[in-house]
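Submitted below is the structure of interest, expressed as structure tokens.
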């Protein structure tokens, strides 16, 4: 679809959000709770915290739930019955809107989509992704940990958003990039005023700190390098970086149940865990935390990009902000670029 | 591949009356992995067992569940039957549908449902049974007895007479322990040395007994059947084999006024080179280097050497370490007496004529410092009035110990009796709390002391003793009359409480046996295994376990001996294979398992690579010691240890089978 | 919409106890086999205990059944281990690449297997034996730690029956029994003593990492095999088998999709992450 | 359908058939030497007691892991009993002492996390206390039956 | 930023230790990714000692690294610890994870560390309301055991008593079972089973955690009510009587579950029941390695 542009006043934006809530949309927005800001369901526009740069966790759980039932089974004597877990997912997210996320988070969706579709099609993901409507807000003041610009996005990128809101002098411009976005505002179109692209303030000239291609080229040449072992001595393998990351998507498949019935589920998993690659024989290809963090870097900046021509990172900086041991991926990526 | 057979027993109408056994059978047949389900009138009968055996063969079963009576009834029966068909006996599980279903419930439908559940649980458990082999430990048929008091000597003699070699280790220069310090013994008043000396001599001369006196156990490792023992034979400075025990050396020693005799409880002196008492076994002196002038004055004195005919004195002798391997151990280290200095009000240590019971024994003894005449330590006069105070330290949680020392009532009665016999016209008073005289002839013995020998028994505590004009004034309460009493006595004898031998806690730690908070060794089971310690292969005897008199000490010595002879009657020690097992891959060596194991069954094991480099340390279970109690399993956070027969996944499977 | 994680149920036709802890399970779906190629694998599960990855061990040309061999080692395998004939196994697959027989046609073949690694070798080997005329001399070398650890004991003689086919079975020193008539020695050692030439030959090697390492070295350096003619399989931990769960990648390669079959040449270009 | 609802639906699909409080499942973990024998004694004495209980036998209280309690709840038990030898009577000397420490702590934790402690019971029942076994089971069953219908434990889906 | 006196002392000690060969590694703090952050640093060469620094932003408990095999390889290690962290070192010694001979403890007198969430917003003042609750109840401002002690230049924390540390515990204790249940159900529902709490804990040193054991499956793998509750319960149980209160689990938790409310509650109860506090004495026997015949018995029929 060709992009469409609208103008909306701050007041109308509030009205718009409150209206869709009233019309039974589930609106997920950054909201203050539990001593931090997290994505969560809001019941009024005011509950959304649009000032926060990024909530602590990304909203990937709406695309890839932390636990998902792949199938259910039951036994009657020796007979086994299997029930497809996909049935329950049909139509998921149809009335769900992520509101107030940032361009980086929005950018993560299409990146994950590639993994889930490059060969076999994962309909669990697809069904959720296809239905979810994403209304993001462009960033005005990225912080120290942000590096979306280096990651082929920008604080004002509309990539992955159905609607991108840009704030300008007390009002907003809405860049609608998809039918889904259009459908969402359609019933409330009187709150919006269509406008031309030229009216929308142009993107600023965001400076890059380093070239990610150089990071990649370091990784291309250096699988064994002391940097990995030394630098990540301070990594405790907690996996927070992967769990909070909007693009990390590794999972585990497990069975759970009793002698009568149960289910097969998939759960989030992390390459930072020692048991992740542990063979049954006891052999482990990645023994040290250095090996494991290297895998993360490789996956983000090399492996994925070779397959999908994009990087598996949107530069949101969550992993850095949340790392209990203050490992900053931007700093690391820059280090690598500098060494290349 | 699970091929389980389920056998539902009717137990006549005992089960079938309340449980629909056919229904249980039908339900069993539906479970995946169950290839045969039967019900039968009496599974434990010969035909029942035969059908079980036939089906094991026929269906090539990998596991059996019996829904029948309590496993405490017939588990062994069925295990044996299964073993006869070559099935590992531990692949038999019992669902208790009699004692815990049919006999305790009435509603047939509900009882049946419960029986089905119990059966299902056991099916899931047996599916996860792993073959368990009983552990066989080879036995070194040699025993070690630590402590040569009456208990240890008795044990050593019994074992030796059973044809087994014994090593008897005694810390002191002579065996004999406390009993040889006593004069006459209650309740029969036979002379202690008369009955003890022959035993000591017998022990010394027994071809199966190797005696190490003046020796101590330094280190013990290993486990039942195979204990490695290091014995330190302290340097006597006298070559034992050459010594004739003639006494020239100690007679020549110039140090005869300065050293208190331990044997006579400080009531006399000994020389630097000495035998503790004339009947010592072995009759070989020991040179006490801490007081000997040769050692203190740089080799000047060697009077004993000069006096010795066979020249067996050797000042250069060194401590010797002897290593022995034994299959079983008796710990019989006996007791000490409490230090009563905390009873300042009794004046022990302050007034010379306030003495302990053991000192009184020495005064009574014909071979004692006074040659059997009762004389006051202060002035050597014969006392006319003696006050005996019982329970000094015993049954006194505040100052002493809360327990009863058990022998004091009796020896005090004995003392009063012997005093009356030896000093005519004398008077004794006994302060007591209770009189405990429960064995054969004991009550009569005490009565005799009161009635024939005229001892006056006063029920109450003594509050104060002080000296006044050569008399000891004893103030106390007679709680029966309610009067305060004050007695002017010539001598006071305190019946001090008994405590475990000093250092017994160290020894217990070395042996890996448990001991109570006072230091008495604890038995594996106070009622059913009173001769066994908590560690397999280590047995207990005598006062080391707790207060007891000579007859009891002898019985316990014999009991330990008979346990050892029983153990040694086989060539191997067999332990049930249901023991703990460590997953070395995940053990993190926190050793919580070791801390909670009451049987000392867990040790550290170092895993090294081919070049000998230490890879990791893990817990290791000693199969000879482990009882399979499973305490370690609970203690292990990372679930790296499990008990065969009751594995975690089996318990979980049982729970899973019950899911509603 | 298709759920790619949904397994089919296959029936256990036969269970062959290979060693104390290893079994071969013969399965059928609708009375027959499935379409797969040697070297591919599947996700097998005893439902309720989890999925496990196993290579197929039978020849795809034997249409009445398909097989896998497994060692009981964890939760899923213990579950599978408890099953009986007639029970159902859930199965997804086939996944992964395969041994490319087009490159093997007309050449001499060497099959080298160690321990449970013989399972995937057996599949391609029997496949080639089933079309015996297409290939030159076939040498089969199989070794295990001890006689008790040898899989497929019952069918060695069957293999020998094929023309121009040599079968050598060996056990590690110390693993022999008094009545053992085969060879004694580690697989790479025995391999070195065989009169093999690299030209016009393809070698297929599967087994424990250490064996593979030394076997590859001998084949390459001593016998002059071209690296692209030595083929092996990787067994990285995997969950989905579909290139999503993120576990199996070695460098940019997804073992579940781009593997598990690799030539020594391909392996050389991969980072040491397996 | 909204996703949350979907989730709920999923739960329903898996949900255990709730035992009505009228017939609660009680799982008892007991030691082999004391309580199991005590329960046997109740049987040989032909005493009668509630049939809601299912006994799992272990060698010793020392082997009864507090985590078994969680597993029992997970699998739908409405009450869990742990029982073994009286202090001092442990067949293995100290198994029950060690476990008692753990139970005291674990029980506290359960209570703090909101498990209704009326659903977890600990007792010492010796081999001679068939009657005590009977009354403990009966009283415990009655107590569980009287508890409010909705389960307050956090280990099963609501 | 310039070196403070503290930094200089610290650097000198580390330098000496490394130069003399007494240790081959010093674990300490260095300046982090922003002015209000410190990060762990691993110094192996004396000339790098200048990186070491310490201030009220040194939130990490460096004892956690003593469990890493990569770190253990260094053999003799020097470690910079605050009072709370030092207790972890003690507990690790008590549980045989490290030996006293292999560790040089550089103890820092500490008057509190500033909550990271506030620090990230710019807070740099040490005050009652800025520090973690653990600092308010801290009794080990000076570590209980050390080889070197560096006194603090920071002013002592002034306690007005207005901030009640761990006040949630009392609140919870007074709730009914249902209310507690509801409270924790809500909290645990957030858990994403990342196990960061475990990884950040110096005492969770198991090479294979119970959660990674699947025969049996001790803890449901799902990250829903049931699996999450089981995990949080079992983690808390395993740390009862062992947790030394450094609060790292809670700090690491990406979804802000108040884990310290559980840990502290259990520490309190264990102390009340058995008179034991973790990490105070390297010669003490851990509370679950011993028993007393007179232990609390009231709850048992």
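Points to keep in mind about this one:
First chain written, first letter: the chains are A, B, C, D and E, and each begins at residue 1.
One rule holds in what follows: a residue touches a chain if its C-beta (ideal position, glycine included) is under 8 Å from a C-beta of that chain, and two chains touch if they have at least 3 such contacts.
These numbers were taken from a predicted model, which means no experiment stands behind them.
A count of C-beta contacts for the chain pairs D-E and A-B puts D-E on top. Put simply, the chain farthest from chain B by mean CA position is A. Per-chain Cα centroids separate chain B from chain D by 37 Å. Centres computed as Cα averages put chain C at a distance of 48 Å from chain D. Inter-chain spacing, taken between the CA centroids of chain A and chain C, is 39 Å. For chain E, the set of residues touching two or more other chains reads 208, 215-218, 220, 224, 288. Among the residues of chain D, those in touch with two or more other chains are 66, 71, 75, 94, 98, 102.
Residue positions 50, 74, 87 of chain C each touch two or more of the other chains. Every residue of chain A that touches chain B in the complex is listed here, in rising order: 75, 77-78, 258-260, 282.
Those residues of chain B that touch chain D in the shared complex are 70-72, 96, 98-101, 103-107, 110-111, 114, 117-118, 121, 514, 522, 524-525, 534, 578, 596, 598-599, 627-631, 633-635, 643, 646, 648, 651-652, 654-656, 658-660.
The residues of chain C lying in touch with chain E in their complex are 50, 74-75, 78. Interface residues of chain E, counted against chain B in their complex, comprise 95-97, 205-210, 213, 215-218, 238, 285-286, 288-290. Against chain E, the residues of chain B that register as touching in their complex are 585-586, 588-592, 595-596, 635, 637-640, 648-649, 651-653.
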